[in-house]
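In order of appearance the chains are A, B, C, D and E, and numbering begins at 1 in each one.
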Amino acid sequence: MKTIEKAKLDSLFAQLAQNYSLLVPVDYNGLTQFAPYSQVQEGVSQLYLDGNVTVSPKTAYLPQSEAMYKFRAQGKKLAIEEMAGLDKQQVLFGVRHCDTKAIQCLDKVFLDEKFEDPQYKNKREQNIVFSLACNNPKATCFCESMGLDRAHAEASVADVQVYDFGDSFGFEAISDKGKACLDKLTGLGETASKLPDQKPQTLKFDVAGLPEKLKDMFEDPIWDEYSFKCLNCGTCSYICPTCHCFDINNKIRGEVGVKLRTWDSCMFNEYTLMAGGHQPRAGKKERVRNRFLHKLQYFNEKHDMSLCVGCGRCVAKCPVNVDITKFIRQVIG
Amino acid sequence: MERVGVFICHCGSNIGAVVDCAKVAENVRNYPGVAYSTDYKYMCSEPGQEMIQNAIKEHNLNRVVVASCSPRMHEKTFRACVEKVGLNPYMFEMANIREHCSWVHAGKNEEATEKATDLVKMAVSKVCKNEELQKGHAPVTKRALVVGGGIAGIQCALDIANNGYQVDILERTPSIGGKMSQIDKTFPTIDCSACILTPKMVEASSHPNINLITYSELEHVDGYVGNFEVTIRKKARSVDIKKCTGCGTCMTKCPGKADDEFNMNLRKRTAIYTPFPQAIPNKPVIDRVNCLKFKSRENGKDVCGICSKFCPTGAIDYEQVDELVTEKYGAIVMATGYEQFDHSIYGEYGYGKYPDVISGLHFERLVNASGPTQGHIVRPSDHKEPKTVVMVKCVGSRDPEHGKSYCSRTCCMYTAKQATMIRDHCPDTKVYVFYMDVRTPGKLYDEFYNRTREEYGVEYVRGRVSKIYQDGEQLMVKGEDTLLGKQVEIAADMVILANAMIPQTDSEKMAQIVGIGYDKDGWFTESHPKLGPVETHTAGVFLAGACQGPKDIPDSVAQAGAAAVKVCALLSKDQLETEPTVSKVDTKICSGCGLCVPVCPYKAITLETIQERRAGKTIERLVANVNSSLCQGCGACTVTCRSGAANLKHFTNAQILAEVDALCQTIL
Amino acid sequence: MSNNSVENFEPKILVFACNWCTYAGADLAGTSRLQYPPNVRVLRVPCSCRVNPQFVIRAFQRGIDGVLVAGCHPGDCHYTTGNYYTRRRFLLITRMMEYMGIDPKRFHTRWISGAEGPKFQQVVTEMIEEVKAIGPNDKLRDDMKVEVKAVETNE
Amino acid sequence: MDYAYYPGCSLESTGIEFHMSTKAVAKALGINLVEIPDWNCCGASSAHARGHWLSLALPARNMAIAEAAGLDVAIPCAACYSRSKQVEVEVNKSEETKAKIEEIIGRPYTGKSKARNLTDIFYRDLGPAAIAEKAKKSLKGLKVLTYYGCLMSRPPELACDDIEDPISLDEIMTALGAEVIPWGFKTECCGGSLTACRPQVGMDMTKRIMDAAKKSGADCIVTACPMCHSNLDMRQVQLSKAYGAYNVPVYFVTELIGIALGMSPKDLGINRHFIPAEATLTKIGKTSEGGEA
Amino acid sequence: MSDIQSEMRATAKQLLESGEATVVIGWEKGTMPYNSTPVMIRSAADVDKLIWDEYCQQNLSTYLIDFIYTEDKVAIFAKGCDTRAYNRLIQDKRISADKCIVIGVPCSGMKSAKAAAKLPEGAEVPMSKACKECRYPNPVVFDRKIGQDVTPWCTEKDFSDVEAIEAMDQDAKAAFWKEQYTKCIRCYACRNICPACNCTNCIFDQSASGWQSKDINASENQFYGVTRAFHVAGRCIECGQCEMVCPSDVPIMLMNKKFIKDIDTLFGAYEAGLETEGPVPLSHYEVSDPEEFM
């Protein structure tokens, strides 16, 4: 395993930044998210490795607001131009395992057999993920309950596995992309140290048979109980690493414009609002139910995997503490 | 699909000399929504309008933009033009590239063309969001209110009444008659003012369709054209007008004395009084400020009461209070007249300190047979007949520095009239008139002026008076004769100043109550200086007489007649078309918070309960509702409304945003 | 023509003008041939109280250099009370815009009556000069320079 | 009350009694006059004919010196006042003028320091009532005509009193007990500037004033302008030779205030007049004998 | 505190058992020690879920809107700020008083859950900012009251934070707000929790109206921020919930307080949510309002 002392992390980043676009987890004025390393260098943001970031790294695959193509009215005609993809490979340093699993979920949606989303695909190909194993789970983390391996990142997504040894980081290539990237790095040490100890997760529960159980619970009174306090804000969807719903808009300035893809949330009124004004999911109950069932049942039925990866963001950030883990535990009984 | 036709007008060279109209038409040809774009010499001309109509048909246009003059000028013309070929008139917009562009950017052709392009783009973007609107209808209250009972008000009321409509005259003094009743003779015929006025006053008071509301003030006006609700303060007369026979006993007995304002304070009147013998109604009021009883009450006593003792019908009522009444009218005519400029601001004329320096209106009272001197022209100071009189014109007029910048129009003539009257009454008296110009544009006016000089021997001196000072019993008048280039000094016995006409001191407040415009001097603003001289910008409110600007009697009477015709035309309708550009609430969006209710100046918004199906249940909830015939379309509610439920038709959020965006898009 | 280089910067200024006073005042400036720089564009609204502060922010977002909201003098409102609300709202919004970092020179509210053609001329002329001196507005801007440039160079 | 004091040339020559009485009265009224060091001619009566900038620069230098001391300038002479006020107004009106003036005089003058007419200071800063309070003797019995001349009342932007009907002298005199006789010549031009070039015209103008004064029945004229004073006092001698005796004494306002404050005519310079002026004062009773001040 | 808690439970029990209320809204313990979260109790058997601790921050009044079309009679526990929010909703006609029972609970200030989440366990957790500045800890309106009134620890509005921004130069102000609003993810949690943001259909939920695109950038986010602040200007009851729920830590109250400060200075001191009648500052004017636009 290649290693580097934490004190020399800057030089590692400098090397990566030379060859790649480099995204690192940062604290930007109180908001933790992935951002260009240059922000850290400029002092705009501080490197944040104490826990997972609030806004998940799905932003590097599905930005909150993304131009799909540009257009220009020329007389009565419209000229359209595709967006250029990432021109350079991009390293995401410090993506947590739950978030690698989340990207795998997104793959199911955006890299479907029938249709591959070109913009997503471009980013997927260009991104090199350094996935950092979590030694100290937060009280809201429950990835293990959702079947994740805290020592090994999702192999189809992560390119380099990173371990935190206290004073140093260790690196193991997972993919060829990752290996090529590691090979380019100089000044790394080499140890065969054993994997670091991982503190146990406190939030643990059994999810066996959950999708099946939920199948019969569409009209269960539990939804009233859980939806009561929901504010119908978009916090959970926007910070969730797997939520991927989007809306398509135009941004027009006179004769030119771009087609924009922006995140949307199933919590919002306009999400299911139909052209004639009909709203099939009129209230909190319908929306909370849809979100939970999509995470825990529908996605399972379609892709044989849960759309909840146990990152715990919504548990931590929901303004009114609508707790999906409590819900699961109550359903499982 | 929007298919906008754009028509750029050259307005001859008015626009064309600055804005490259063909280029503007070219610039917007490919602008989103535009289906046809062209330019033409005169869009408002018959061929120009035909051109628009043909293009609508040929190019299947469903929206039209004309870039020409101000929409305040020709919006109506073009709306009618497009309507003729079946387009809804509200599918039309105007871009003002004349008043707002070519006329103000002379010589900056390139920039002006660019600006015109922007303005057209804004109009196109807006018109693309326009919706077809239909005019509404509102009932008409077939009664008019004339505010002011001077000659203009009386004439206007008579004309309306003779057309068969009810009309109320609101007068703030105890009697109708106005300034004309103070004037002795009228120019150029020198006939007796009272002799021609009083028959009109009597006619008005006895006309079955006219109701006089005297000694009353306009308090508040609500409503809108066809449906005004006017609150009137009937001031306490302290005399029961129903019981009073007008015998006048009270006035002969009253021990209270006060300055007689009708006679320009040249004498005293009693505290219970009628302003002049021919007053209508000829029933007195008690001037509470000067009444001994009311004065004593202020000191906690209660004395006098003589008038009450002597009144044979028991009409005196000391306990009367002001009464507020609200009446409905279909139209309002403002005929509030003028005031005389106060010359005491002029130091060179002695700051009003010299008793024998008087104003024109003072003179009218002096020379009037029923005035304080029984018509003898004497000096107020010592009641001696003046042997030399100096008259000074343009006192307050044409003096932007200290007075008013405008010409008061009447002074040249009334000065000439007064000069001849002095010469008539006192043939030995020498009369000098200092003038800047002599302006006599009126029928027989210049002839009269010439007679004044030639037959009556009044000496006209072209120049200003620089100083008047008391020198013993005489007034020394220093001035310049600019024709001779010499300084002149005249020892006069009396000086008569031709004071300017100014608006009523509270004209601005009046305008605000009625909701009409006024100019920098306080004259009410007509809707168009040439083509709408008696209309105001507020539909249903008209102007008559000097409240609109200085006017002599014939002009006031003519304008009163014109206003009456407009009123009758309005009252002759059973219903009025109302503008559809009013506010509307989208009940789907409205939360019923009601914050828009208090901001509406027309009380047009109410909260009402609607029923709605929601999740299989019928629920009831509050929403705001706009009464479209009350709403006048200001838009105050639309900004108060956070959710955008209240929206102003033809000026919707989307339309204004489209204009903002259209302008800003050119910035990038 | 709009040039963002500061030397020959020609600002664009949006004027929200009430139909009854300021628009008429601007018309009067026109009929009196009172000249002023061609940097202003007048947008007609029935009353200054129709001007939603959000319109103003929108204009700044889209790159306007200055905004003038103008209506009848208080007491002279065609609709009696409209401009009193305008005054309240814009007293607040003026301060908020300054608080957000918009230079107060870029945003004014003024009372200009139908008789005040010269005042219209003077107000807009002064504003244009002031804005010219401080240069283009980059605050609050949501521009698409990058996108537009890409499309343009592709032609 | 501190003021910079600008006497000007008149007060050192033909109007020396104005100088004397000003200093005496100011002291008694608690006004501290600090004479501007190294003051120069204000340029009145000649500089403006020579050139605009010269006419501004001359008084500007005096004003600048006072401004450096942080004081407003008290100016008894109406002509000096008018010139100094002119530069103060011009400098405040235009940055360009200010820059140019400063360049010419080689020192800063921002227009902050104000030119103040002495009579105006008496009237506004002190007030007639405050002066009357300090009076030891009433002027009762003395019928006076107030005469302001042109330089205190014209042009409007420089005037320190009402332009048509100034009242400061009237109110001060009334407060001190004198009877002010109304007349129409308060602001009439005395013809002073024409005495040298068009003597007859000047003489006629003076005559009109003196005729009116004589007709009015007043005992004397009170003025606050040394030009007017010399014209009405000195020329009166010539006038009398041609048209018969007038014998109307002409006092400076400070002289009469001084009398009221109990000073002796001699200390105030009243004995220096062309038209004897001491005797008239007996109308108010015995005046102080002098030497006590 | 435990006294109040047991009294709360008893009251809830009594209300539900007697049928005076069909629903009681209070707080229950959440996932974390610093989560106290709204709970709806329909059965007297569940009243023991109710708790009262130093994290019962959440304003419960907004939940009353959810019951306007149900047959329920709803009782809520309400701190000072909850009662001001209640008045706000009554004034905005979003709820009707006859369907609600307000049980006032004097409050001594709540701790900051956000701070607690960042601090190690056991560390002293500071009071949240809005609570520190609170001038109405006691219920301003109630049908019943539990516990003893406390003495308010603030008597005057504290605008020092607003003044600090005002003191910056224009560029610094712009940079500050741009930084703050770059973080905003437009989840609308601030709006949804706000008792003054009670429109059934917010303009930010009407993308067809053209007010705003869904594009997320500092400019659009600031448009959202200023507009929301303007919409609650003169109506904000200073509960500070917007700022507390913001996942991005945008200092939203700095905006709201700017309006409060200016309204106080320009139009006279005004306290939203103390009355349910009378004019709100922006639906009202005085002829004598300051004139700066001549």
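Please note the rule applied: a residue touches a chain if its C-beta (ideal position, glycine included) is under 8 Å from a C-beta of that chain, and two chains touch if they have at least 3 such contacts.
This one's a predicted model, so the numbers in the text were calculated from it and none came from an experiment.
Considering the contact criterion stated above, the chains in touch with chain C and with chain D alike are B.
Within the contact network of the assembly, the step distance from chain A to chain D comes to 2. Think of each touching pair as a link: the shortest run of links from chain D to chain E has 2 of them.
The chain closest to the protein's centre is C, with centres computed as averages of CA atoms.
Chain centre most remote from that of chain E: D (centre = mean of CA atoms). Of all chains, the one whose Cα centroid sits at the greatest distance from that of chain C is D. More inter-chain C-beta contacts link the pair A-E than the other of A-E and A-C. Centroid to centroid, with C-alpha atoms defining each point, chain C and chain E lie 35 Å apart.
Separating the CA-averaged centres of chain A and chain B is a span of 71 Å. Centres computed as Cα averages put chain B at a distance of 52 Å from chain E. With centres defined as mean CA coordinates, chain C is found 31 Å away from chain B. In chain C, the positions touching at least two other chains are 53, 58, 62, 75, 81, 85, 89, 143-144, 148. Among the residues of chain E, those touching two or more other chains are numbered 201, 206, 211, 215, 217, 282, 284. Of all residues in chain A, those that touch two or more other chains are 251, 253.
Applying the touch definition to all chain combinations yields A-B, A-C, A-E, B-C, B-D, B-E, C-E. Every residue of chain C that touches chain E in the complex is listed here, in rising order: 53-54, 57-58, 61, 73-75, 81, 84-85, 87-96, 98-103, 108-111, 139-142. Chain E makes touch with chain A in their complex at residues 30-32, 35, 37-40, 58, 63, 66, 117, 179-180, 182-183, 185-189, 191-193, 201, 205-207, 213-217, 244-245, 247-249.
Of all the residues in chain A, the ones that touch chain B in their complex are 73-76, 253-255, 277, 282-283. By the touch rule above, chain A contacts chain E in their complex via residues 28-31, 54-55, 64-65, 139-140, 225, 228-229, 231-235, 237-239, 247, 249, 251, 260, 262-265, 268-270, 284, 315-317, 319-321, 323, 325-326. The touching residues of chain E, counted against chain B in their complex, run 68-69, 92-94, 198-203, 206, 209-211, 231, 279-280, 282-284.
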